[in-house]
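Structures are listed in the sections that come next.
Shared between the two complexes below is chain A, which pairs with chain B and chain C, respectively.
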Partner chain A sequence: MREIWAGLSPDLQDALIALALLAPGLAAGALVLRGLAPFGLVRAMLRRFAWVNLLFVLLIAVSVGLGVGLVAQERGLRQGSARAAEGFDLIVAAPGSEVTVMLAAVYLQPSDMALLTGAQYDEIATAEGVAFAAPIAFGDSVDGAPVVGTTPDFVTHLAGDLAEGSIFATEAEAVAGAFAPVGPGDSFTPAHGHGAAAEGEAHAGFSYTVTGRMAPTGSPWDRAVLVPAESVWSVHGLANGHAPGDDRIGPPYDPVYMPGTPAVLVRATELWGNYALKSRFTRSDMMAFFPGTVLAQLHGLMGEVRAAMSALATLTQVLVTLSVLIGLVILVRLIARSLAVLRALGAPVRFVFAVVWSYSAALILTGAAAGLVLGLGAARALAALITVRTDVLVTARLGWSELHLVAGFVSLTLILALLPAWAAIRRPVLADLRN
Partner chain B sequence: MPPSAASEPAGSRTAPGPAAPDLLVEALQVRDGGGRVLLAIDRLTLRAGQSLAVQGPSGAGKSTLLHVLSGLIRPATGRVVWGGTDIAALSEPARAAFRRNRLGLIFQDYNLFEELPALGNAALAAAFAPARDRAALRDRAAGWLDRLGLGAAGGRTVASFSGGERQRIAVARALAADPPVILADEPTASLDRAAADALGADLARLARDGGRTLVAVTHDPALAGLLQRRLAIADGRVVEDSDA
Partner chain C sequence: MRLPITTLALLAALATPLAAQEHDHHDDHVAEADGLRVVHAWTPARGAGDEALIYMDVENRTDAEAMLTGGEAMGQELALVGFTYGASGEVWTVLPGLPVPPGGEVELAPRVLALRLPRLAEPLVEGEELEIEVEFGGTHLHAHAEIGASSATAHSHAGHNH
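Right, the complex of A and B next:
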């Protein structure tokens, strides 16, 4: 049995789980409605108390939406942050905090970091199995977007072919990220520093001309402007990585004239080679790490937060389920006279039971469907906000987790809806007829 | 709308017949929760096809009698025998089935489903009838609406009808299952004089022409005058019976 299950595709497994979650509620419905057709009557009752019913549907929709939104958002954030780190195989930096280096190198969050020397960079770049080793150089910005110095190889590695234009070929050229505030043909003078503390005139007299634009990567690099590492060093009054008179752009750099770099973004010629390089450069004077591993550790830590959020979502669902149950019992009082008329006219108890259950089921199913839409909408809005704030492309879409949550909620409430139906058929007919 | 125009639609009973049961009420006592006697009748009989007006002051026990006759109240003691079936001895589901198949109920305040169309109300029983009977029930309900002057308005929701028209819809609902007995609780009390007279005439004619037994609780002397027999109740006891 386990082998059969394991042989199914993940989507099929998830679909079967969703069906299994729904099954108890659907089975209850099939038993209750067998041979009966109360729907016309239920529609009339729903119209009769349209506003109360609408309020009820909204209550269910908001609660379901909250659960769906939380789960979808959390997954979107996790996937977005992982996608942003995809282009970064191995990072080598001076010993310190891997998280700090990852935040700076992958997510372009400004921070003070120790530098690797030119000699250390040269050792990394010339090591066997290294396809490329790109230094990065921070410190400047334009219109709030970071200006990052690196190599042409890394630009191509990160974003593939440019969306338009050509890659930088001189110290005065730049390539804009997909959503950077400057574009091909623009010229700008970089400000020294970031944010409110940026000094706009610090590099007066020097300007870049944008020669191309990268395709979107879904990472904060989309808002950055990429320039030759040489120009960042030069503009800060340092040697530009090459011997005087050598105006090449990109590696190899001369260790004597290379001012140092906070991190080197390394790609091995073979995938397995990354592990050997990580091992080789993990030592007392430098550290090497996979950003994906650090991110997984962070996600692992966040897993507890996720568990807390899931618990909150579940608790909310339980509370709302109870509210729905109590609300349905109250709603039954609203329709008590109609039910009494049915019973006075000789309607079987089973039919009256089916009317009340169908009435409840209509509210639950409508609310749950609206909740799915609401949750997805809220998650998408929040994802857009996070993307704007962090430049990490967060996309929220419906996944099986949300569908399982909703299927479980629907099934449970459909079963609990048997209780108000049972309460309804216990009501005194004559007393309800007179009210 | 032409008042008093009702006659039997196709598929309904057309003459007095054995299907309309005799009623025998014997040694009946109905008590409230505190044990107080609300209604006590030693013996009451009704011939099949006979129409009876139950009269008396408010609180006399008229409606209680109607509820006992319909099986909505189970008496503390005694028998309520319709055509050989003592409904006082039946279980709740069996009494519901009896009402469904043998009785047509008409209420003072119509008790219609406001958001359903006239035909949906008249054919309400189709909602809980076996699937094989639903089409026939709907056809008969449409036929009764037609005979009662509302055939063209079957698709309108009842909220748009006058009181008299609503009560006609309720009459069509009571007759849709072609029951041999009609029990009506103050059927004309919510209507103006003209509508009350028209409905009373229709009820009397439907009972007479269809051979149905009709029991109507009423304060309306005009309606009572149209029925064959009058029963006066006071303080839970029969004080006058025009057949006696």
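Right, the complex of A and C next:
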């Protein structure tokens, strides 16, 4: 059995789980409605109590939407942050916190970091199996966007061919990220540092001219401005990585004239090479790590939070539905006379039971469907907000997790809806007729 | 103070197996052949039908590069797999081999590198051991992998020197 299950496609497995979750509620409905057609009366009840019904539907929709929105949003954030790190195969940096280096190098969060020396960079760049080793030198900014020193190879690796223009070829040229505050043809003087404390005049007298723009990557690099590592070193009064008189841009750098770099992105010629290089450069004077591994560990921890969020969302939904069902029990008291007339006219008890259950089911199903739409809308709005705040492209769409959540909720509440129906048929007919 | 001879004999009898047990326990954490060492092999507990990922430290104490290619356990081939993570989630990719430089080390660790047993014929029970064979080209090294808790993230003696 287990092997048959494992052999099914993930989509089929998810569809079967959704059906299994729905099955108890559907089975209850099939039993209640077997041989009966109470829909005409249900439609009449829905019309008669339109405003109350709308309120009940809204309550259910908001509670379902909250759960769906949270789950969809969490997945969107997880996938967006993972997508942003996909281009960063292996990072080598001075020993310290992998999380700090990852946040700085992949997500461009400013941080004070120790530098790898020119000799260390040279050892990495010339190691067997290294396709390219790009220094990532940060510290400057323009209009709040980071200015990052690196190599032409890194630009191509990160975003492929440029959307427009050409890659920097001199120390005074720059390439803008897809959504950077400067574009091709613009000139700017970088500020030293980031944020409110950035020193706008620190590099006065030096300016970059933007020669190209990258295609979007869905990462914080879309707001960055990439410049030659040489110019980052030069504007800070350091040697530019090459011997005097050598005006080249990009590696190889002369270890004697290379001031150092906080991080190096390494790409191996073969996939297995990344693992060999990680082992090689994990030592006392430097650390090598896969950002994907660090991120997966962080997301693994988030998984616990996700489970708690899902449980809370489900609990909220059930509590709201219980409130709605209690409301329905009260509503049944209001229509007790009509139901008693129905029974006095000869309607079987099962029919009255089916009318009340179908009425509750209509509210639950409409509320759940509206909740799905509401949740998707909320998730998309939140995703847009997070994208603006973090520059990580977060997209939210409905997935199987949300459908499972709603299927479980619908099934459980359809069973709970038996309670008001049961309360309706327990009422004394004669007393209700007199009232 | 003088101890009776019987007491001394009893203490000696008790102490000898303890020492031997400690020695054996220590050896279980290290397997060595031709200068290649596998230290602290371990795997999380898993149920029958699941895949198992086996982790370890590999040390090459020879003067030549060794190529870690995979292994064997429970009569099945162990594939060397490398971890990647992206928008589509966690993916383990089969690698053709991994060079361990002379005098160097490679760590097979969760979400980095592992030897993968595709489908367990019987469950891996916490506290027991799994016999594995680690292959370095033509060199086969027999080792015992400790079976940790299903949520374990490292060998129970990780950090101890051997």
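Going forward, the second predicted complex is superposed on the first by the 432 of 435 C-alpha atoms of A that agree within 3 Å, B and C clash if a C-alpha of one lies under 4 Å from a C-alpha of the other, contacts with A are read in each partner's own complex, and residues count from 1 in each chain.
Here is the rule we go by: a residue touches a chain if its C-beta (ideal position, glycine included) is under 8 Å from a C-beta of that chain, and two chains touch if they have at least 3 such contacts.
The model shown is predicted, which means the values in this text are computed figures rather than measured ones.
Novice: Give one word, clash or fit, describing how chain B and chain C relate on chain A after superposing.
Specialist: The answer is fit.
Novice: First (chain B), second (chain C), both or neither: which does A:P348 touch?
Specialist: first
Novice: For A:A44, select first, second, both or neither according to whether it touches chain B, chain C, the two together, or no partner.
Specialist: first
Novice: For A:G183 in the superposed arrangement: first (chain B), second (chain C), both or neither?
Specialist: After superposing on A, A:G183 lies clear of both chain B and chain C.
Novice: Using only C-alpha centres after the superposition, what angle do chain B and chain C make about chain A, to the nearest 10 degrees?
Specialist: Placing chain A at the corner, the angle measures out to 120 degrees.
Novice: Would you sort A:Q297 into first (chain B), second (chain C), both or neither based on which partner it touches?
Specialist: Only chain C is touched by A:Q297; chain B is not.
Novice: Which partner chains sit in contact with A:G160 here, chain B, chain C, both or neither? Use first/second/both/neither.
Specialist: A:G160 sits against neither chain B nor chain C.
Novice: Would you check which partner chain A:P95 touches, where first means chain B only, second means chain C only, and both and neither mean what they say?
Specialist: In the superposed model, A:P95 contacts neither chain B nor chain C.
Novice: Quick check on the superposed model: minimum Cα to Cα separation from chain B to chain C, whole Å please.
Specialist: Checking C-alpha atoms only, chain B sits 52 Å from chain C at its nearest point.
Novice: Which chain A residues contact chain B in one complex and chain C in the other?
Specialist: No residue sits in both footprints.
Novice: Taking the touch rule as given, give the residues of chain B at its contact with chain A in the complex, in rising order.
Specialist: 67, 70, 72-73, 92-93, 96-101, 103, 105, 107, 111, 113-116, 120, 124-125, 127-128, 130-131, 134, 173
Novice: Show which residues of chain A lie in contact with chain B when the two form their complex.
Specialist: Residue positions touching the partner: 35-38, 40-41, 43-45, 47-48, 337-338, 341-349, 351, 429-430, 433.
Novice: Which chain C residues qualify as touching chain A in the complex?
Specialist: That would be residues 48-49, 82-87, 89-90, 93, 95-101, 104-107, 111-113 of chain C.
Novice: Could you list, by residue number, the parts of chain A that touch chain C in their complex?
Specialist: Residues of chain A touching chain C: 2-3, 6, 79-80, 82-83, 85-86, 271-272, 274-276, 278-280, 282, 290, 292-293, 295-297.
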